[in-house]
Amino acid sequence: MSLAASVAVARGPMTVGLDVAVADGEVLAVLGPNGAGKSTLLRVLAGLLRPDDGRVVVGTDVWVDVAAGVHLPAHERRLGMVFQDHLLFPHLSVTDNVAFGLRTRGVRRGPARAAAREWLARVGVADLADRRPGQLSGGQAQRAALARALVGDPALLLLDEPLSALDARTRLTVRAELRRHLADYGGSTVLVTHDPVDAMALADRVVVVEEGRVVQAGTPADVSRHPRTDYVARLVGLALLPGTGEGGTVRLEGGGRVAVAEQTAGPVFVAVRPESVALYPSRPDGSPRNVWPARLVAATPHGSTVRCELAGEVPLIADVTATAFAELGLAPGTPVWASVKASEVAVYDR
Amino acid sequence: MSLAASVAVARGPMTVGLDVAVADGEVLAVLGPNGAGKSTLLRVLAGLLRPDDGRVVVGTDVWVDVAAGVHLPAHERRLGMVFQDHLLFPHLSVTDNVAFGLRTRGVRRGPARAAAREWLARVGVADLADRRPGQLSGGQAQRAALARALVGDPALLLLDEPLSALDARTRLTVRAELRRHLADYGGSTVLVTHDPVDAMALADRVVVVEEGRVVQAGTPADVSRHPRTDYVARLVGLALLPGTGEGGTVRLEGGGRVAVAEQTAGPVFVAVRPESVALYPSRPDGSPRNVWPARLVAATPHGSTVRCELAGEVPLIADVTATAFAELGLAPGTPVWASVKASEVAVYDR
Amino acid sequence: MRGRREAGVPAPLLVPALLAVAFLVLPLLGLLVRAPWSELWPQLSSPAVGQALRLSLVSATAATLVSVVLGVPLAWVLARSRIRGRSVLRALVTVPLVLPPVVGGVALFLVLGRQGLVGAWLDEAFGLTIPFTTTAVVIAETFVAMPFLVISVEGALRAADARFEDAAATLGADRWTTFRRVTLPLVAPGVAAGAVLCWARALGEFGATITFAGNFPGTTQTMPLAVYLALQRDPQAAVVLSLVLLAVSLATLLLLRDRWLSRAGAAA
Amino acid sequence: MRGRREAGVPAPLLVPALLAVAFLVLPLLGLLVRAPWSELWPQLSSPAVGQALRLSLVSATAATLVSVVLGVPLAWVLARSRIRGRSVLRALVTVPLVLPPVVGGVALFLVLGRQGLVGAWLDEAFGLTIPFTTTAVVIAETFVAMPFLVISVEGALRAADARFEDAAATLGADRWTTFRRVTLPLVAPGVAAGAVLCWARALGEFGATITFAGNFPGTTQTMPLAVYLALQRDPQAAVVLSLVLLAVSLATLLLLRDRWLSRAGAAA
Amino acid sequence: GGDDGAAAPGGATSSAPDDGPSGTLTVFAAASLTDVFTDLGGRLEGQHPGLDVQFNFAGSSALATQVVQGAPADVFASAAEPQMATVTDAGLAAGEPAVVAANVLQIAVPAGNPAGVTGLADFAREELALAVCAPEVPCGAASEEVFAAAGVAAVPDTQEEDVRAALTKVELGEVDAALVYTTDVASAGDAVEGLDFPESAEAVNAYPIATLTGAPNPDAAAAFVELVLSEEGRAALSGAGFRVP
């Protein structure tokens, strides 16, 4: 069922005030830095935290309406929820943990256990069905928690980083399993994640939350192509430079100018892909119109390339091959020249 | 100080039997699927779990020697440890949590708190210093736990997925901070992680653990170039095909043949990078000597490319651009032809 | 190189713990040593002693059951609900602990006696009189012992991690289901401890019982009453009787607690 | 559309909880209603009552302190250490709960009396005699009340999450430091509950006290003893005295517990 | 603490200037003697300004235990002979105990006697709620004797551990009649009425008193026993409902 929530809740010095809407069968990914308020949002949607203000409507049911004094208790909300720290019941076997929701909703023990075992098999922990949660590894526990949330027929799925503890391979298969399940699932899903790949793979829409506010919303492709904040840009691996369009160039807010391929005017964002940035030990000649002096601040190997963070008038990220990195003799502090072709620079309105 | 451990411990039906050695100042990354025994290893090294057999030697001190009945209690081991589920003390402020280790080792309250605050600043949670752990978000708690492990001067650092709950941007800065710290740090570090980037960025050496055994060890570059198990290959994004060298071709164990650029003989691994795999709707003509029919089983968008899992005589992974993916009209189940140039295929002894 | 085994009990804990054990166990040893063992057989073979022992065990167990059934919910209300006046209620519940048991017996008369608030009505409506019956013994013991259960279970509930109850709520469990299926198993060791306290206190109850239930062999004479009366005439016999009571309760505790605790432990 | 507020207390918990409250509080109300209030002022203004009340509070508090200092370590040993015979020890510690207090007083004589195991030596070596002194009151109360603390703290310790103790060990804390800085704060609500039980039981102690410490106004006559004497003479006055004791302990519990619990609660 | 000396043997020195007893006198007495002895103790203190009389009132058997355990008592007054026998058997009584008072049984009924009890025969009525003392305690033993003498097959609902407990039930109207001592009825006030019955003479309960061999303050002990046995003491006792020999 569709979800429409607009809630405000004070958390320490910060106020989390978020508007989200999720259609029937849609998956909404919530991205954002640590402490942005993602888990807080899920707790409010689950009924575990009373918002100070706002409404939560699922389908035609009003779950929360602070003004009208309505607050449906959590257990009447038909939820499936994965908590960031699992919270598997320590006194029940893994099977009974997964069967718990079915049992409370009236399913008899036999069928509930059977359904639980089926879900455990789907997330790849069938052989651990009789263990206690204390006897599971971190990733195994997370998978059991996911199974517990998915079994049954919730109206709303709330998944708080459900794949964070999984190893890379299991993550692929569990993500695929989850994707398959969500494709058939008729309710709304809110998925909190730090992994842009999860968002891309699973979500129909993305909202980015920072400091308790929605700063960007859209399809995964849209958000990753046109990030509106530095956080999102970093997340999808772009350098984001706000500036003002002045025809064929953009005057950056931090100083400096960038030549672009289009004509622009007014406040714009300039986004530069790390692959498109070339580094030179001395000022290069040639076609690229954008050439800036910079200094290497950090370098992280990443597969066969090295991701270089550059500081200077125009802060950039550059991906260079490990060979090139070695040949340039780069080390933190080294001065370099960075260049980008104007045609490789994306520019869009702020 | 250097660490040499060779321990065996039964965990449910499985036995974890691991040999690891870490030199002074070295960082060893432990990679492996869920339930492989990584956390178990750390618990044994920390003295929280008694091994059934084996020895642990740090520097010249014998911490564990089961045969001789030696088992140094955890609190005498000079450790810094991050637990997979943080375990911050709920009754102490974040500062006091971080200062705890210093206080127990005799540092006075003032200096201990000052050191704690400094570390909290280094991991970016200085403003939360006076909160209780229950008032932190997941990622904030993980950073506090990291600070608690790093403060002081442990002989051995044991980090169990210390960055898993961090958002992508924070992860970069905390990882850089950790890297800086580990570069100066004289003790041994054992880092458990699921993220190959962490391993590449932080570790001097990598061991891969599967089902309680070490299946591969080496430098990060070595392991990522020459994976020896399917798990590692997936981790670093390669398709791994074991076979037997027969001159210019390799006969694969699963059936089928691969043409390679070198002459080989005997048991070998063939590794194929996803980028080097091209897909065609019908059998292509031309130079590549390796052309196989296959079927698409799963596709995951990943930045501007789509990662395709292929099943067939030769199971492969292919990265194609989103545009190409759309043009090929690919969907799970679609039959395709995959081709790889012989010169792009890596081959090395098993 | 230090090669010693894992430190056992640290001295600052061991020393007071040993003192505590000495303090609690030495007097018992003293009793054991000085007890006139020749009295044992005559006492044990006396049917009155058997009767009193049986009545004690039955009524203490019944009082514990009633206390668990009524007291655990009360502890939950005190620990979890947000009703007003909780702290007053908590203190009120603690207060019967302080009441001299004899006065407690008088108070029970005022409510359940022939002329008591409820008792008079029971008498008229159903011809039921409670005082001087085995029921009265159970009631007196429950009145005295239940607060021990309530307070210790409440402490266990406060210490338990309430986030598991959140998780249960998201799985559709209402508060009652959550209580039964999550909270109660999680605090099982606390309930076990409370029940042991309650049972032991009920088994040792004297003042309220003799006041409210009187002392009639076979109906209301529990062991402590028998011991007290024996003390009047033959202190030696009284010591032997107490030791019999001790031995029986020790055996029961050893059997029951280990069984219950190991179950509760497996659940934790 | 259901718009009602969060469910309060579920009926299957509320009904037994209400029954429990009625059962525990109604008799007190009965006492309050029937109490001869005209007696209140004469009793309150009598210096003997003031003395007894003061002695009761002082000795119960002292007994609680001793019990906490000795009993919490013992509870820790029972819950955490792996010494042998733990279950026997636990049962032994529970047993004084079952001992009729008067017999407990006799047992104390056997150890600490002038002719007792330890008492004789104390007398010879230091000229110290314990019986019939205020110290004897504290000892008698501690003997009777400490097991309540031990058992309920042990329950709390068992229910607490031992993984935090692992974390403390990796931070260099030995078991003693871990106990002080991690375990104890985590089980603070359990210790508070145990201390309340212990204090209340000590405050209400009668049998062991009158036997081992005697009944000397000003030195060993606590309120329950004063109530006992009053019962011999003037039952009405006894009821009033009990109510005074109740009121004082109620006030103390309300003050202390709320203060302690809110601190402990902030720590949780 | 300093006030511990009140009961400690060391406090009982007789170094006062006048010849009479001085220091601390410690009297262990049955709880039923509380009022009379407190009163007499006050009088003795009035006669001897240097004297401080301390009482320890409790059940006779508890007192006997304490004395046997070496309590620093000067005088022991028991509510029955068996407990005094415990002390004399241990060789702790100085001389023969003297009988200070005696008590006989009375039927106690709630004010107004709602059940219409008239005599000992009513203790055989099943429909009444009846209390007697347990046979282990003196008044219970006495009750058995009077029932035997009267030929009544008593059907009590409860055998009380002491007279007080029985009397409490009468006061509350929870029993229709109880067999208790005269003195207790006298002290109970208006809520209880006492009915004499002829067979009561069959069982007279004596209160023995003795000074103790280990008495820290034997002079004062002797003075107190003398006062209790004097005309003045007898008057006080009979005023409280005791029979005096």
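By written order: A, B, C, D and E. Residues from 1 in each chain.
Everything below uses one rule, namely that a residue touches a chain if its C-beta (ideal position, glycine included) is under 8 Å from a C-beta of that chain, and two chains touch if they have at least 3 such contacts.
As the structure is a prediction and not an experimental result, all values here were calculated from the model.
A.B. asks: Shared touching chains for chain D and chain E?
C.D. replies: Neighbours common to chain D and chain E are C.
A.B. asks: If we define chain centres by averaging CA atoms, which chain lands farthest from chain A? Would you check?
C.D. replies: Centre of mass proxy via C-alpha means gives E as farthest from chain A.
A.B. asks: At the chain A/chain B interface, shared numbers over all numbers used: above half (same) or below half (different)?
C.D. replies: Both copies, chain A as well as chain B, present the same residues to each other, with over half of the numbers appearing on both sides.
A.B. asks: Where the CA atoms of chain A average out and where those of chain E average out, how many Å apart are those spots?
C.D. replies: It comes to 86 Å between the two C-alpha centres.
A.B. asks: Indicate the whole-number Å distance between the mean C-alpha point of chain B and the mean C-alpha point of chain D.
C.D. replies: Roughly 55 Å separates the two chain centres.
A.B. asks: Chain A to chain B: how many Å between their CA centres?
C.D. replies: Chain A and chain B have C-alpha centres separated by 21 Å.
A.B. asks: Which residue numbers or ranges of chain B touch two or more of the other chains?
C.D. replies: 73, 76 - these are the residues of chain B that touch more than one other chain.
A.B. asks: Quick one: which residues in chain C touch 2 or more of the other chains?
C.D. replies: 7, 102, 106, 110, 174-175, 186, 228, 231, 235, 268
A.B. asks: What parts of chain E, by residue number, touch at least two of the other chains?
C.D. replies: 59, 62, 65, 168
A.B. asks: Please give the residue numbers of chain D that touch chain B in the complex, ascending.
C.D. replies: Counting only chain D, the residues touching chain B are 163-164, 166-175, 177-178, 181-182, 185-186, 188, 267-268.
A.B. asks: Where on chain B is chain D touching in the complex?
C.D. replies: On the chain B side, the touching residues are 46-48, 73-81, 83, 87-92, 100-101, 103-105, 148, 152, 158.
A.B. asks: Can you check the complex and tell me which residues of chain D touch chain E?
C.D. replies: Answer in residue numbers: 102, 105-106, 109, 113-115, 129, 131-135, 210-211, 214-220, 228-229, 231-236.
A.B. asks: Sort out for me which residues of chain D touch chain C in the complex.
C.D. replies: 7-17, 19-21, 23-28, 30-31, 33-34, 69-74, 76-77, 81, 83, 87-104, 106-108, 110-111, 116-118, 142-143, 146-148, 150-152, 154-156, 158-161, 174-176, 179, 186-187, 189-190, 192-194, 196-197, 200-201, 203-204, 206-207, 223-224, 227-228, 231, 235, 238-239, 242, 245-246, 249-250, 253-254, 257-258, 261, 264-265, 268
A.B. asks: Chain C touches which residues of chain E in the complex?
C.D. replies: Chain E residues touching chain C: 59-62, 64-65, 82, 86, 129, 131, 134, 136-137, 156-161, 165, 168-169, 172-174.
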